[in-house]
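Residue numbering begins at 1 within each chain, and the chains themselves are lettered A, B, C and D in the order written.
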Amino acid sequence: MPVTAAPDLQAIIDRIAEEMAGQADRGKVADYIPGLARVDPKHFGISIATHDGKMYSAGDAAMPFSIQSVSKVFALTIALGKVGDSLWQRVGREPSGNAFNSIVQLEAEHGIPRNPFINAGAIVVADVILAGHQPKEAIGEILRFVRQIAGDDGIMIDDEVAKGEAETGFRNAALANYMRSFGNIHHPVEQVLGVYFHQCALTMTCEQLARAGRYLMLEGQHPDTGFNVISPMRARRINALMMLCGHYDGSGEFAFRVGIPGKSGVGGGIMLIVPGIASIAVWSPGLNDRGNSTLGSLALERLAVATGWSVFNQREPG
Amino acid sequence: MPVTAAPDLQAIIDRIAEEMAGQADRGKVADYIPGLARVDPKHFGISIATHDGKMYSAGDAAMPFSIQSVSKVFALTIALGKVGDSLWQRVGREPSGNAFNSIVQLEAEHGIPRNPFINAGAIVVADVILAGHQPKEAIGEILRFVRQIAGDDGIMIDDEVAKGEAETGFRNAALANYMRSFGNIHHPVEQVLGVYFHQCALTMTCEQLARAGRYLMLEGQHPDTGFNVISPMRARRINALMMLCGHYDGSGEFAFRVGIPGKSGVGGGIMLIVPGIASIAVWSPGLNDRGNSTLGSLALERLAVATGWSVFNQREPG
Amino acid sequence: MPVTAAPDLQAIIDRIAEEMAGQADRGKVADYIPGLARVDPKHFGISIATHDGKMYSAGDAAMPFSIQSVSKVFALTIALGKVGDSLWQRVGREPSGNAFNSIVQLEAEHGIPRNPFINAGAIVVADVILAGHQPKEAIGEILRFVRQIAGDDGIMIDDEVAKGEAETGFRNAALANYMRSFGNIHHPVEQVLGVYFHQCALTMTCEQLARAGRYLMLEGQHPDTGFNVISPMRARRINALMMLCGHYDGSGEFAFRVGIPGKSGVGGGIMLIVPGIASIAVWSPGLNDRGNSTLGSLALERLAVATGWSVFNQREPG
Amino acid sequence: MPVTAAPDLQAIIDRIAEEMAGQADRGKVADYIPGLARVDPKHFGISIATHDGKMYSAGDAAMPFSIQSVSKVFALTIALGKVGDSLWQRVGREPSGNAFNSIVQLEAEHGIPRNPFINAGAIVVADVILAGHQPKEAIGEILRFVRQIAGDDGIMIDDEVAKGEAETGFRNAALANYMRSFGNIHHPVEQVLGVYFHQCALTMTCEQLARAGRYLMLEGQHPDTGFNVISPMRARRINALMMLCGHYDGSGEFAFRVGIPGKSGVGGGIMLIVPGIASIAVWSPGLNDRGNSTLGSLALERLAVATGWSVFNQREPG
């Protein structure tokens, strides 16, 4: 099936939102911090920002949620802007093959996390962003960046969520201290985690998140300003990383079923990039056993079928 | 960069072949069996079979080599044809995050290999193909299948290589016995390994291999006969699996640099599928430290840049 | 409490045997082969051979059982006699810290098993004994050795048990093949396992086993002949190895509770050595969750309390 | 060889000290903190406190050194006094089979460290001692305890060493945070580590350390006061734990060569307990590749041979 010519996106996502409303099995909302635990699992929202500047939304697309690990994509973009490919000396680019918070691989690989989308890797990225900054400044830089790429100054960080993460984040503190013991964290652990926890506490709507992802659809170019957020090659490579490592230990399953690069977060959000075509955000807070949004994954599988957007679909030859 | 309209493929691969001839660092030829060890590292060949039935070749494209693990793609196709999606109860679909012959993950995951492209997974696939057969018949079925999809009855299995594998394949015997202890191998280990070692000993030229891969470029359809080798969805999913797991513990690096699904073998061959556009085979026997062809990987990276064929490139919207 | 002067051993073990008869929780009989599965969990036997040539028995002390891993002590003694301390280049002397059949440690330590009392280590020991022999001869050598140290030509190997092990021993076959891939097994795996499985199938009574252990009580000297089975230093070191590694991943617990070197087997037997004082065998087929005889362990704990024989007890200063 | 009747201990240790002075290979002094790194590897000291109240010393037996992990024995004694056997629900009693600071086992065993003598286990013990205390009080309690059992109020904690540990102890911070994520650390990590690092910074001479160990030689009884520091059964069990786990991943080797329970520290000290006979301290700062004192281990091996004090030696039957 070739890429569908001009699918009626609004009709497709309206139908999907309706189907999702009828789903009984929604998984389990993350409950390790109050700010996530009290979210109603009934929510489902989806937004699609297309290459031609249009926006399609359905369901709770205007309701803010905690983007959590989706933020790792934006943080990676900032870090690559700061230190370029030297980043890859401190973080790998391979799928992890273990649960997202595993510490075992770190021992075997001497403190170098496998990729920037597992927690350990994202903590190294936060350490890179922190360089030359006070923690508050680094957090401010991340917030400004996300507001800019989304073109929306209303995006906020939820301090209560950040505080909740800090109070329960002993495993992340273990990871950070462990990497510091190998010399792969350069700043005080509390500061690095402060940046990381605030980054994860970014609160966005599906519309904002879909808009924020547009530069990755457009080979790094910001659609509102024409400014290059990142080079075309780096944009492609971030998409490749999302394809291989974007959904914790369910990345293979997601590639198998959806076939489009994306990044999920424990708040139930998933950002999906169809290169050249669309930037998509979906949100439903219930998680499957791999920690990815149950309905979000299902909705995206149906969207991929309806649109033919899998990168593994036949493409029109040039 | 959009998919290049009608790139001059012959010129591109001629240039790449020339560049490869000048490369000093060719890695190390696999030397664990004589049949592989005596191959001259100087070889380099490449062939591209395009969607419109053309074939472009350069270098040693007509020289036969041992396809080794590239055969896992064909075996997976046969096994899916035999038992369908029930196969996935015995083999996972996630990247392994470990060296290609690691036995640790098997212990943690109770004898279920992570995916069909690591050795353990391919041995389970061989066990599936063996069901209802004598080993010779199963080997015959694999050989017939590959001859048919390549449209070439001259393809052979190198018995000396198969014998060499059997004589040194203690780690594979360990994997097979270990999985049998969990009940995930159903036939006598010697028989299963016999099938597996013969499958790995398939000897093909780049041209034959590029032709054999065409059904994966064409959503499962055989271009010579119009027959569906496999359903479109399964073809896409095999491509997704190759993207995530096709190059051992270098799959992330390959996706990052090349961005096209492919499968490598320790004989120095790589098969690459650009959905809807091209089926590619490259061969150069020297391997990098992840066990993938050094020049093969480099050549494919340059080909991806020259053609814009990365699946993460912008696509022409429909 | 100093070593009890002349405890009334017969009274002690009669009382213990009576207490054991009343125990409800006997654990679970090993059921992976028919030859073990059909043993009645009601059995309990104990024998003590003392330094002064006396023998005390209670319960089913005259009933033969499969000594299984207890045989590893005798095989180690033979192998040290053949190759001396060079054995320690192929097997370690550290506790394993993992389940007794774990393959993970082997991967981390390049095919060198941690000690001769885990399965992998015992398979290397069997490989050493096999050197220069046909498998049947090696098995004969082991049988002759055990008959000699026990002073009893009635000791037999249970061929049905050996056959059962071979038919289900896929994990041992995995271990052996895996070590062979590192070069740490020198003979064909089937032959090595043949020796190993027959050694494990040695069938002995408590009385025979207590007699067989006397050389380890007497610093290597055979009490019947005065012949040195092994040097005093090696006898002490085998005892040290039993103390640290004799009960799989329950060795710490056993040392903590009993404080006497011993070796357990999955058939429910335990051999215990009190240096200079006694060689003890206990048998009860039900196993605890670490794979050691439930009643056997409990009986020995009570015996240690009643006699003061723990090596960690105060000793009379010289 | 039975326990030597009245060996001339002074002559034996004088000879050993002389032999040690001539040893070229002294290993490597721990250099991760300045307080340890600047110690001269030339030092060697040994002291033996015997059951009859005598003290024998040779070499630098009056020179203070950092006892480091030897302190884990004293901390365990205090913790058992506080919470009794309930401690064993939070710490195991099995050898670890991994490097002393490994975090892998903790992941596999859900935050329960294998024994109280690996760092993770000792941090749990410190958490137990901290209960109901301010950190300073807990540190004070440990110091008072050690002064009391040694009968020497001159024993101090080296604050510079404690500070150095805190500044470089990222791996211990990782362990503590990791266990806290499993709920097995109850107090703030900084406080627990504060107690642990000060405990490790106890500074003692060989004479003081040999005197401090006397209660373990005497089944828990304090020789100066007759007071029971700990019950006889617990004293025996601490000795058993030292035998199985006292020397990191070199415990098997030490049991094999020396055959006497002991505990080593990275400062180069080893405390050794011969039940009923002697409490021994040896010190030489150079470490072998397992982290145990090179000369200390060698000296104790020679002492064991000269005295026949191995617990695996023949004992005089009662």
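By our rule, a contact is a pair of C-beta atoms (placed from the backbone, for glycine too) under 8 Å apart; a residue touches a chain by one contact, two chains touch by 3 or more.
Only a predicted model underlies this, so the values are computations on that prediction, with no experimental measurement involved.
The chains in contact with chain B and with chain C alike: there are none.
Seen from the C-alpha centroid of chain B, the farthest chain centroid is that of D.
Rounded to whole angstrom units, the spacing between the C-alpha centres of chain A and chain C is 56. Centre-to-centre separation between chain A and chain B, using Cα means, comes to 31 Å. Chain A and chain D have CA centres that are 49 Å apart. The complete set of chain-chain contacts reads A-B, A-D, B-C, C-D.
Across the complex, chain A meets chain B through its residues 1-7, 50-52, 92-98, 105, 114-115, 217-219, 232, 236-237, 239-241, 243-245, 249-253, 255-256, 259, 261, 274-277, 308, 310-318. In the complex of the two chains, the chain A residues touching chain D come out as 102-104, 107, 170-171, 173-178, 180-181, 189.
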